[in-house]
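This report refers to the structure that appears directly beneath it.
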Amino acid sequence: MTQIKDLRNQDDFTGFYLLKELEVKQTNATTPKDYFDIVLADSTGQLGAKFWDVSSQDKETFFTMGLVKVQGIVHLYREKLQIKISRMRPAVEADGITLTDFIRSAPVASNELIDTIYKAKDSIQDTEIKAIVAYCVSKVEEKLTHYPAAKTHHHAYFAGLAYHMARMLEIGEFLCKQRPFLNADLLKAGIILHDIAKPEEMIAQLGIVSDYSLSGKLMGHISLASTWITEAAIRCNINLDSEKVLGLQHMVLSHHNLGEWGSPVQPQTAEAVALHHIDAMDAKLQMVEDALQTTPESEPWTPVVRGLENKPIYRMKL
Amino acid sequence: MTQIKDLRNQDDFTGFYLLKELEVKQTNATTPKDYFDIVLADSTGQLGAKFWDVSSQDKETFFTMGLVKVQGIVHLYREKLQIKISRMRPAVEADGITLTDFIRSAPVASNELIDTIYKAKDSIQDTEIKAIVAYCVSKVEEKLTHYPAAKTHHHAYFAGLAYHMARMLEIGEFLCKQRPFLNADLLKAGIILHDIAKPEEMIAQLGIVSDYSLSGKLMGHISLASTWITEAAIRCNINLDSEKVLGLQHMVLSHHNLGEWGSPVQPQTAEAVALHHIDAMDAKLQMVEDALQTTPESEPWTPVVRGLENKPIYRMKL
Amino acid sequence: MTQIKDLRNQDDFTGFYLLKELEVKQTNATTPKDYFDIVLADSTGQLGAKFWDVSSQDKETFFTMGLVKVQGIVHLYREKLQIKISRMRPAVEADGITLTDFIRSAPVASNELIDTIYKAKDSIQDTEIKAIVAYCVSKVEEKLTHYPAAKTHHHAYFAGLAYHMARMLEIGEFLCKQRPFLNADLLKAGIILHDIAKPEEMIAQLGIVSDYSLSGKLMGHISLASTWITEAAIRCNINLDSEKVLGLQHMVLSHHNLGEWGSPVQPQTAEAVALHHIDAMDAKLQMVEDALQTTPESEPWTPVVRGLENKPIYRMKL
Amino acid sequence: MTQIKDLRNQDDFTGFYLLKELEVKQTNATTPKDYFDIVLADSTGQLGAKFWDVSSQDKETFFTMGLVKVQGIVHLYREKLQIKISRMRPAVEADGITLTDFIRSAPVASNELIDTIYKAKDSIQDTEIKAIVAYCVSKVEEKLTHYPAAKTHHHAYFAGLAYHMARMLEIGEFLCKQRPFLNADLLKAGIILHDIAKPEEMIAQLGIVSDYSLSGKLMGHISLASTWITEAAIRCNINLDSEKVLGLQHMVLSHHNLGEWGSPVQPQTAEAVALHHIDAMDAKLQMVEDALQTTPESEPWTPVVRGLENKPIYRMKL
Amino acid sequence: MTQIKDLRNQDDFTGFYLLKELEVKQTNATTPKDYFDIVLADSTGQLGAKFWDVSSQDKETFFTMGLVKVQGIVHLYREKLQIKISRMRPAVEADGITLTDFIRSAPVASNELIDTIYKAKDSIQDTEIKAIVAYCVSKVEEKLTHYPAAKTHHHAYFAGLAYHMARMLEIGEFLCKQRPFLNADLLKAGIILHDIAKPEEMIAQLGIVSDYSLSGKLMGHISLASTWITEAAIRCNINLDSEKVLGLQHMVLSHHNLGEWGSPVQPQTAEAVALHHIDAMDAKLQMVEDALQTTPESEPWTPVVRGLENKPIYRMKL
Amino acid sequence: MTQIKDLRNQDDFTGFYLLKELEVKQTNATTPKDYFDIVLADSTGQLGAKFWDVSSQDKETFFTMGLVKVQGIVHLYREKLQIKISRMRPAVEADGITLTDFIRSAPVASNELIDTIYKAKDSIQDTEIKAIVAYCVSKVEEKLTHYPAAKTHHHAYFAGLAYHMARMLEIGEFLCKQRPFLNADLLKAGIILHDIAKPEEMIAQLGIVSDYSLSGKLMGHISLASTWITEAAIRCNINLDSEKVLGLQHMVLSHHNLGEWGSPVQPQTAEAVALHHIDAMDAKLQMVEDALQTTPESEPWTPVVRGLENKPIYRMKL
């Protein structure tokens, strides 16, 4: 079965794919006909596709996020690969495939990631900090298992947010060993809390963000997380003016470093400075890794990556 | 009695003033002597002063924020006017003067301003919005009677914050009449709440800010006010996800308009756009008015005003 | 009769509309056919439309800015609504419709706006300032009745410029009452003069700007208005170096506040600072109001508004 | 006689100098004494100086811009050379010196520069363009012989403005030969007019700018020159809307290239683009030349030059 | 024979052209057919074209960079002119045309330009500087005869790089006469070396850049040229730490003036400042000249030019 | 013996210190006397000091970078602590102190750091990359043992550069384990080479930078290192166009990430992206650690740190 990533111009192929997007449109002809404008996807990527001469039965058979068996041909349209679908049917149980095989996912299983995060949370020694972290995590609990970390910027796939947290916790652990003056409790808490309101900010399904929520647009995940810390402290009877609460608030509020990047204050504690750099390092290197992995091995250059100064990445031959 | 604003080079004068700053220093001579490095102030301005040959009794007699009777001479030192104090004694009850006469104040009495603000609050028809505003106001209640709105930027004097609110409420009332699509409840609430956490952000006495508080530095008044709204809603049993709460949060968070000016989100409701412009208009025009009023009538140009693109203001002769 | 704003996908409709744009094009087929690429408009908005199989008679019958009766169907083309016109004829006198019913207009009648502006001009007490304002207004007199204030930015419709002036005069009147140190003569003059050269800068018809003029491109409306003040002073025998002339020049030149926004000098008089903020407040709030009014009530969000930090506006449900 | 440029630490010297600045100040001692805080200058540079124990007669004898004979010692004060004056007397006729020998001047005689400019003006073939140039030049005629081109930025000395114009005319002549599509009339006119209002913008004496004028601050030399062109066209009965007038206006208005550098429009004609680059090239290279010439030969690096990206210039040893 | 520049909508024409781009595509129809998506070019410009119903023989006959005889019709497609080719055949020897007639070229013959550059190189008096220049020129020798100076920015045609150098050498010669303190050897060398690595940075054929090279992307022409100077000095046994080598390195590294424009250091020698301004003046004026020459005489405005602040240029009628 | 860091106002103390700066100055009195303007330092910090009434013998006894025994008193001068030295003598051998005890140093011994760096270099498996690294390291060998990494920005002390490298190698090792797609050879090489030309760029003694060198100013350490790689490849007969050489060049050139921060190209390989983030993380966290360590424990806030967005760091009390 051919993976999306391996499809080349003029390929004649058959395989199972996800209907990531499906829209009924009309041709531009004098007597317009219905056709499907489709985005076919699997875990290796996605491609635009057309399914011409759509019958009214077709319109009731196929729907967005359904799995299908497709026979098609690849051609170039406006400099881009596109699929012309010759035959298509919905997948059935006998095909033995499942939805999650067809979406981009973190390379580590979601339950392992959650486990890592929970262990880190449980290892926080200060009981008040631990309580605040637990409260905030509980607000998104189920979503943490599958939410992406962003719409397109980085870790934009199933369990991307948990993967981002887990990797950052590894860097944080290393840094606390290398520089013992850093407070491990604060840093762990900061890593878990810094993007904790992203599942509230975005509306996502299977790792794909369709939109931002109303509170996401009017407040943003940084201010949302800040109010959650307040809420947690009130619910757990923790002094709102304590340095612990201030320290957590400060890490969350400052982790984008600059006002023009969304942080109303700049990092002014050791852990806040560390958090910003751990976040940047993990996000940027993941962009590099994902760009290289979703580009065919034969291509020396990835497409441009917006978060990497809008530059493509070159695959060194060494 | 000569006012600070009217002192000129070579003036020989006597008067009552406030010791706004007082520090014991040593002369630069081979056998250093103690002297007082002083800032003398009254409601019209302030000037640097030196009191030489300080005795040990003097050091116990004079202190910062005390009122004194001074005889002195004005001279130029490094391009600036400076006072050489020849005689000085503490003011006594018989002098019949009071501290508040010697500090810069809003031009309207503090209790009138508070009255205006409370009336506006009480006129809010939505009971939940009113409850949130009341809760937040109650957190700073006494401070609202005398806090400045900023350290130096604008309204930096006794009751400056309340004066700023009261004036903005006037503009808001006008705008709601001119453009009835604006929601008056939201706009009143936004005006009262937008700077409500400034007394928490800054440490001030008699309208003079000496420093920012720890929470002021680590969170800033915008995020502080945002968490207060959350706290208020929790305490008053108001739904945290309601549009009312979001609308208030959004106005507070966006009122500086841009990320580089401290707002993590940009205005996206009619009332948030209005609030930003009311705030800017009142702050900037007050800077103009204050600059002109504290510059001697004989001077055509005020000093540069940082908030006005770092430009001085010209007093038109018309 | 269905208004543009209310047309939905798959609607089959009949109505009168303005041919805001009309171009003859050829289909992409091997033997290309002529068709009309059209923008249909009424006072509530505009939509793209196609009229296929155009005859040579059609090409002589229909023209831009003509009124037509249309029967058509709405469909989606590239994510946007588009009209397929099945039948179309020019409107005739018996249809009882007039052009001005089909264009976007200020919500107040043009003659009322002109009246407001003239009254404000006549109320200027300084005869020289009044003479300069009168001279400049007379340069654009007829155009003032119908010109928009901008191509797309704000008040981009019939009589938009006069509406902008009239509203600003209201805010100016309020501000002069609230802050009596402002000179009402200068502020009224500044409000009337600040955009007075826009009808020279832009080429517009029925409130729609088709292009900028040569002098608009090479000088811009700010510098044009500045030279008009000079011309007015020369023609009225007013001293070019007087503070009055300088004060008016300064307000016009500085009203965009910053160099990068087109102002060669920054506001340095009280009235210039006030003018800039009155202009900004009126323009931005009008953008909000217009965006909300041209978005269907059922939509919670307007499209993004370029002048509002490129953000959409949310319609609060309160 | 030792020139300022050649004075070194610990030098004991005698010479004639200009009292470029002189201020009576008081020592910081318990019984303060008067002293002169002085800037001594000659054509090669300037140095701070102190003259202690000033008598009341001294105060009547010495004044700013007077010539004096000085005996003094050079020492270092706060990392900078400073002169301690031991003896000083006013210059008398018998000394045979004249003021202009003691100020920084363009390296070409003022009357030669004026001659060059007038010849260029007279060589303009279009009579209307020539008339406008002549009118504007006549507005500053006498000042053109001695005004500097700026306060400190570049050509900040006696006849600096005329020198800047004359050099630019040379570059312009070369460019018109190299690229014949440039209109020589327009370019000559643009060069002469682009800074023509600087003598109105600044208040200067002997090539030294003491301040900006009121119209300089409220309008700036670019907008002033633009209104002069309008005035000239009116007085000479030239059509204000002609391309000639627009072309001249455009060159003047756009010659700073960007809004943040003071130009309300950007260059959009060939001659306007050329003018901007001729202006930049001459100003920057003159900054380099002047910095090298006023730095002692023994110093490899000049002080930083603000207009050259705030960098110093290195004197290559080649 | 009609030149591209003169083709108008509805023109029916025959002529010889270059197939600057040619791609086989499929129509969007249900049974797609092959067609050629073509860019036709001659020395005056280029236009998109379609050749429908392509046979398999056609696919073997026509290729990119071939010369063809074309019969076609011009029409408007999406606001742009496009050619529908009715007949097309490859050019044959008997047609008497040559490839170089059909590409945009510098207006001076390539061998003349090379001659100018070599003479300038040979006139350098310092033998070490001359040797370094000769070494670097020899690295690109053949390419110097035909490479453009940029992909699109300026001098983007056959021999554009040599033309840019030759013109800059003329300005440099003028400047060294006008300002004798400039070192002519350094300036000549800087002009020849500043863009010398562009043929290594870009992949070009017939003056058309198709892409940047790997070293062009990873190092850029500025750093490449810097390493060439090092290589040259090593190969010619010149002291790497000498001021000559440093002076050349500095000119090359700083010629873009600012970090955001690609220069890691800012100009700090007289010749480096001069080089930057000569480069800017020549590049910008060439953009103006080229924009005017490739715009039909009848058009008053050129398209916008990215390098000229994204503005179009107006053709003055004088 | 009191350390500099622990000196408080009014302290009367005796101790050994380094004369980090010493200058002979004259008092401002009518008959000026010589005094020493001194900066006293030890490994914990530095303070300004005055030594009055300097004899001619004193001038021959004391010199910059000498060790002295000092008796003095601390007082406040212009808001800052300053020392008045009552007695001072040069340290003698019998005092048993050595220079390196008195300067700020990396917290790890220089030879250990060098050892770490050499081991990393030796562990590079690719022999060509190893050869280039070895060649470049050999150019600075002795200086690597003691040079700082910057003048003031970060790691500005004895062996600061080697410490920066060693710490970055630790982070690099961790990252290569966490993300195995990174090439360890390239990353190690990039870490060792990225700042390798700093000892050429700066002039330093005992970890204190007094100035930048000529090549430092005219080329900068980034371009210097780039030419060293070229030199190394030539000397070691390695192909200049190989991907290895390009990959190393690219990492060095891009490690400041943006043009405005000095990098002529932006990171476009995985290892270049990693290098930038490792560099930033180590530099910024070291700034935090150093700021906290040089601030008295009793102070909750450090002074502002320029490299940390010009913010101070708060010492959390947790």
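Points worth noting:
Lettered A, B, C, D, E and F in written order, each chain numbered from 1.
Simple rule for what comes next: a contact is a pair of C-beta atoms (placed from the backbone, for glycine too) under 8 Å apart; a residue touches a chain by one contact, two chains touch by 3 or more.
Source: prediction; values computed, not measured.
Among the remaining chains, those touching subunit E and also subunit F are A, D. Least step count on the touch graph, subunit B to subunit E: 2.
Homomeric contact subunit A/subunit E is classed as different-residue, with under half of its interface positions used by both copies. For the interfaces A-F and C-E, the C-beta contact count is higher for A-F.
For the pair subunit B and subunit C, the distance between mean C-alpha positions equals 41 Å.
Centre-to-centre spacing of subunit A and subunit B amounts to 46 Å, using the average Cα coordinate of each chain. Multi-chain contact residues, meaning those touching two or more other chains, occur in subunit E at positions 214, 217-218, 243, 247, 258, 268-269, 314. Interfaces, counted as pairs of touching chains, are A-B, A-C, A-E, A-F, B-C, B-D, B-F, C-D, C-E, D-E, D-F, E-F.
Residues of subunit B that touch subunit D in their complex: 28, 52-53, 75-77, 84, 300, 314. Against subunit D, the residues of subunit E that register as touching in their complex are 126, 167, 170-171, 174-175, 178-179, 181, 183, 185-186, 243-244, 247, 257-258, 266-271, 273-274, 277-278, 280-281, 284-285, 288-289, 292, 308-309, 311-314, 316-318. Subunit F contributes residues 23, 25-26, 28, 30, 32, 214, 217-218 to its touches with subunit D in the complex. Only residues 214-215, 217-220, 222-223, 226-227, 229-231, 234, 240-241, 243, 246-247, 249-250, 253, 258-265, 268-269 of subunit E touch subunit F when the two sit together in their complex.
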